[in-house]
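Here come two complexes built around subunit A, the first alongside subunit B, the second alongside subunit C.
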Partner chain A sequence: MLDEAFEALKKFDWGTDVAAVAPIDDAVAATHGQADARRDLEQRLVAALGGKLSRDAQDYVCRKLAIIGTAAAVPALASRLGAPHHSHMARFALERMPAPEAAQALRDALPKVTGDLKIGVLSSIGARRDKAAIAAVSGLLSDNDPSIATAAAHALGAIGGAKSAQALAAARPSKSSKPAVIDAQLACAESLLAEKNEAEAMKIYQSLAGDHQGRLVRLAATRGMLACASKQG
Partner chain B sequence: MPMSSKQSSTRRDFLKTTGAAVAAPYVITSTALGNSQRPPASDRIVMGGIGIGNMGRGDQGAFLNRKDVQYVAVCDVRKEVREKAKATVDDRYHNKDCQAHNDFREVLGRADIDAVHIATPDHWHAIITVEACRNGKDVYCQKPETLTLREGPLMVGAARRYGRVVSGGSQRVLGDYRKYVDPVWAGELGTIKSINVNVNPLPKLCNLPPEPMAETIDWEMWLGPAPWAPYNSKRCSGSFSINGSSWRSFSDYSGGGMTDWGAHHFGGALFTCDVRDLQPEAVTFHENNGTPYLSYHYPNGLIVYHNKPKTENLAIEGTPGEKLTPKPVPMYKGEGGIYGDFIQCVKTRERPFRDIELAVNTAVVSHLGNIAYQLKRSLKWDAAKQEFPGDAEANRLVDRARREPWQI
Partner chain C sequence: MLRKMIDRWMVVGVLLALSAATLSHAKLLAAEPQQDDFVQMIVQLIANPDQDFRAAALEQVRSAAAGAEATKRFAAQLTRLDAPGLVALLSALADRGDVAARPAVLNLLASSRDESVRAAAIAALGKLGQPEDLPLLVKALSAKSTAERAAARASLTQIRGETITQSLAAELKSASPDVKAALIEVLATRRATEELPTFVAATVDDNAQVRGAAMAALGQIGQPGQIAAMLPGVLKAKKGAERDAAEKNVALVCARIANENERAEALIQAVDAIDPAQRDELLSLVGRVGGKKLINFVASIATGEDAARRKLAIDALSKWPDASVADKLLEIAEKAHYPEERTQAFQGYVKIAATRDKRSDRQRLDRMKQAMTVARTPEERSLVINRARTAYDVETLRFVLPYLDQPQFAQVACETIVELAHHREVRDPNKAEFDKALDKVIQIAKNPVLVDRANRYKRGETWERPAKRAS
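Let's turn to the complex of A and B:
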């Protein structure tokens, strides 16, 4: 059945019967806890990705690797991060993969990809909360493209913590990316509060509570200061 | 299909558009003046709608008919839908003031709007809700509020960060289940041991063939953060079908019947058992003669079954002979059902009946179920950490990468 499914994968495309590849879905569930069987399945998927498959079939493989992919699948996925038609589904597999090699692949791709693909990679780095990427992401806060600067700010907000907060505080954002930088600072303050680092969180909130900020931000900062006070109290 | 240059262009165009919109003066029209039948504009909640087809049309009607709402914007990626929605508003107010938008960011960038209702496909809910909060808008978001587990805390976090009123949908949670809710909250059934929810089907991969574009739709915007796929009218149909004829059936856009009707049925079950503020700590995968079903285990000992064999929907197992002290049943605030509840809370800054945190707790049940069925095994869930403890495989399904350039 599984052999037939991999054979069907070669002809899989939008409009073909999903049932033909369903044994691969079943194998993903059935091999839970069976390292050798998982490795074999992963190898077959990676090999298939290197063959001549439709875009739909390649996407299907990435969906499966998102669940079972390991470091062994990273090179094949990483090579797709710069391809406009394939970058998203490569991230689909890499973003939630526990292997540190997956994080490294995203970090390596960041300076190489451009435009929307860079925004996508930033989004995945943020979702992984990859602290090792803070320096590289911070460098994009001043990118000439406001969309990229905004994405970098949101990524730092998702990563959270003191180092992200420091990078955001030091940023000189453009008018269009400034709201994202402030939002990310608030997110960092919340992460610090969750880590019981009320002092650092309070510093961020105080820096955002002044009259130079808009009402929405001042209220958010005031709310944060009250939260800090109640935790300290 | 190359997207990069097109989407970058759209984003830049948006920035220009937004800048222009913010700079434009806000003209007070004759409708802004109140009379004996209607409060003045300064006392009305100024609203816009995002996603106006099907359910969104119903939501629009509910808000538009309120005297304390001034409806000023419609947004939909389908040209015909947004033009019809604009016409509905203009007919109601006897003017041409309602603005029609293709891009939700234009609506959220408008300083004159207080609140939005969102009835896009589910894969857009979290992005738009979070962005709305960042822009200081209150939000009524249709159910199911989330597509993934990770989206829930992000939506709740944005609401709390900016002090926004964010209500989930499902008018049925309070409206349809009173015959179960009332005796339980009155203490007549004693301690509730279990409740069963029957809802189907699970979401599936959409592999429909490409079709010629049969409508004026911004396809890239419809897909948004979902994986790229060719246009097919069933793929993007907003009909209420959950059996393959609408986006509600497909995993890239929805959790299937498990989330779509699950928002109602699980929502009603959790309300009945007064565990709206809790999330399960484990899901057990069972098989009965080859047919799978689930049991969710709550920290207070309650078991919520899903599709328990030979068991009716909302079947309750209480404690015979035991009576508990009655509790007052929570109700909507204001007048006009769940919509009135939201508007009242926008005015008072209270939390609505379907506060986003409670709505997310319901969605979590559906998502945990979908993951358990997909992996065909039992799961543990740490609600505080929002993760499956020690289960790297399941943790991969907590979220999914969004298609560029979309992020939360």
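Let's turn to the complex of A and C:
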């Protein structure tokens, strides 16, 4: 059944009956908790990805690797990060895989990709909350492309923590990326508050409470300060 | 503008200074000084002219910085704010629920002339008040301001304490009629069943407002044991709205007896205890309570010798809560010797037949068709076409449709068709048939609202029925 499904995968494309590849879905579920069987399945999926598949079939394989992929699948996925049509689904898998190699692959790809692909990689780094990427991401806060600077700010906000907050505070954002930087600072403060680091959170809120900020930012900062103080009190 | 900026700078400055002080030495400071600074932050923000900033502070007043000391400091702001600020803070203090705020609330109530502030202070006493605040709240029941009266009523319903109910009942004795009525409503809402005898006594009060409140209270929490005692109240109620309401409240208490026969028996016993000369006045009530056991009794009066009693009995049958009397009413209508009795019984039959009770829509429609076959005058036929709208069925459309072609019934038929079309569950499965009928309505209806509704229903749109005006 599974062999037939992998054969069917070679002809799988938009509009094809998904029932033909359903045994692969079943195998993903059935191999839960069976390391050897999972490894075999992963190897077959990675091998299939290296073969000649339609774009829809490749996307299908990436979805399965997002569930069962390990470090072994990372090179095949990482090689696709620079390809406009395949980068998105490669990130979809790498974002969700617990292997640290997946995070490393995204960090490695960051200086190599450009434009929308770079924005996508930044988004995935943020989704993984990859603290090891803070330095690399921070460097992009001053990127000439405001979309990339904005994406970098969002990524740092998603990663959260004191180091991200420091990088954001040190940034000299352009007018267009400034709102994203402030949002990210508030997100960092919230993550610090959740980690019970009220003192660091308060510093961020204080920096945003001044009259030079917009009303809504000051309001958010004030609410944050009250939340910090109430936890301290 | 300048003042706003200064205020804003002041608040932000205080926040920055205080929060820095609080947190830089957070681990060194004892719990109390930290809380002190936090309370100070909130206090400063409460006075912020921007209501969103104020709301952020009030959120903390509601739930944070526990303890009477903090409550007192928040409550102390009740002397410093403008009216909207005071109202918001009073609400937050009430939600905080700490009675330490009570003295400040009482002081504000004593000194403020602003209606909204006074109402908010009275409302806050519902959660913060003590039994000794009852006289003040009772006095507020007769305040000139509607908002204050409503707040007092809500607070008296809400205020906690073991002696509250007794004290309110004691206040009843010396209260003016309007306050007495309000107190009865409060006691009923508090479900003060120990005061049922007090309510019963008030059902024959000389003041209609008090009588109405007492009857309503019994309708809310009265027990079958009070049915007999409520009947003098029904008789004392003025005919019209007050009598109708009194009867409905007795019917509500009767409905608490689940068994239909036992319910009828309880009412018969209660009526038997009334002076025979007044019993006929209670026929209407008997009709509202209903039940098979009472049908023949009332019907025998409706077909008896005494014309005045016949009228009362037909009226009673027309108020029956279900369609079990429909055949009896039709029979009375058919055999009536006097036109006015025929009209009264026929109208009662159509009313009962149209009642949306447990019968199916098809059963309701069958009754309407039966009424149409025995209808004698255009008025009677028009009534049937009108009430047919309570049978939500496409067959009703087919029944009414031919009357669009008869000028004397065309307008009422338009109304009924539009009302049927209002019900999407009837209209949508029969869209082609309804569209055709609605096209005809659009063509002949004189009422522009009907034309508008017909167009809307054709387009699959809805129509919002205007709210009925309060009487």
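Please note the rule applied: the second predicted complex is superposed on the first by the 233 of 233 C-alpha atoms of A that agree within 3 Å, B and C clash if a C-alpha of one lies under 4 Å from a C-alpha of the other, contacts with A are read in each partner's own complex, and residues count from 1 in each chain.
By our rule, a residue touches a chain if its C-beta (ideal position, glycine included) is under 8 Å from a C-beta of that chain, and two chains touch if they have at least 3 such contacts.
On a predicted model such as this, the values are computed, not experimentally measured, just so you know.
A.B. asks: Touch test for A:223: subunit B only (first), subunit C only (second), both, or neither?
C.D. replies: Both partners, subunit B and subunit C.
A.B. asks: So, A:16: does it touch subunit B (first), subunit C (second), both, or neither?
C.D. replies: first
A.B. asks: Tell me the contact category for A:92 with respect to subunit B and subunit C: first, second, both or neither.
C.D. replies: The answer is first: A:92 touches subunit B but not subunit C.
A.B. asks: Just to be sure I read the superposition right, which of the two partners does A:115 touch: subunit B = first, subunit C = second, or both, or neither?
C.D. replies: first
A.B. asks: Between subunit B and subunit C, whom does A:186 touch in the aligned arrangement: first, second, both, or neither?
C.D. replies: Only subunit B; A:186 stays clear of subunit C.
A.B. asks: Check whether A:80 is in contact with subunit B, with subunit C, with both or with neither, and answer first, second, both or neither.
C.D. replies: neither
A.B. asks: Is A:44 touching the first partner subunit B, the second partner subunit C, both, or neither of them?
C.D. replies: A:44: touches no partner chain.
A.B. asks: In this superposed model, does subunit C or subunit B come into contact with more residues of subunit A?
C.D. replies: B
A.B. asks: Where on subunit A do the contacts with subunit B and the contacts with subunit C coincide?
C.D. replies: Shared contact residues on subunit A (touching subunit B in one complex, subunit C in the other): 219, 223.
A.B. asks: Note which residues of subunit B are touching subunit A in the complex, please.
C.D. replies: Listed in rising order, the residues of subunit B that touch subunit A are 1-5, 7-8, 11-12, 15, 134, 136, 150, 157, 161-163, 204-205, 207-210, 227-230, 374-377, 392-393, 395-408.
A.B. asks: Which positions of subunit A touch subunit C when the two form their complex?
C.D. replies: It comes out as residues 198-199, 202-203, 205-206, 209-211, 215, 218-219, 222-223, 225-226, 228-230, 232-233.
A.B. asks: Which residues of subunit C touch subunit A once you look at their complex with the stated criterion?
C.D. replies: 5, 8-9, 12, 15-16, 19-20, 22-24, 26, 31, 34-35, 37-39, 41-42, 45, 50, 52-53, 56-57, 59-60, 64-65
A.B. asks: Considering the complex alone, what residue numbers of subunit A touch subunit B?
C.D. replies: It is residues 14-18, 29-30, 32, 56, 59-60, 63, 66-68, 84-85, 87-89, 91-92, 94-98, 114-117, 119-120, 122-124, 126-127, 145-147, 151, 154-155, 176, 179, 183, 186-187, 190, 216, 219-220, 223 of subunit A that touch subunit B.
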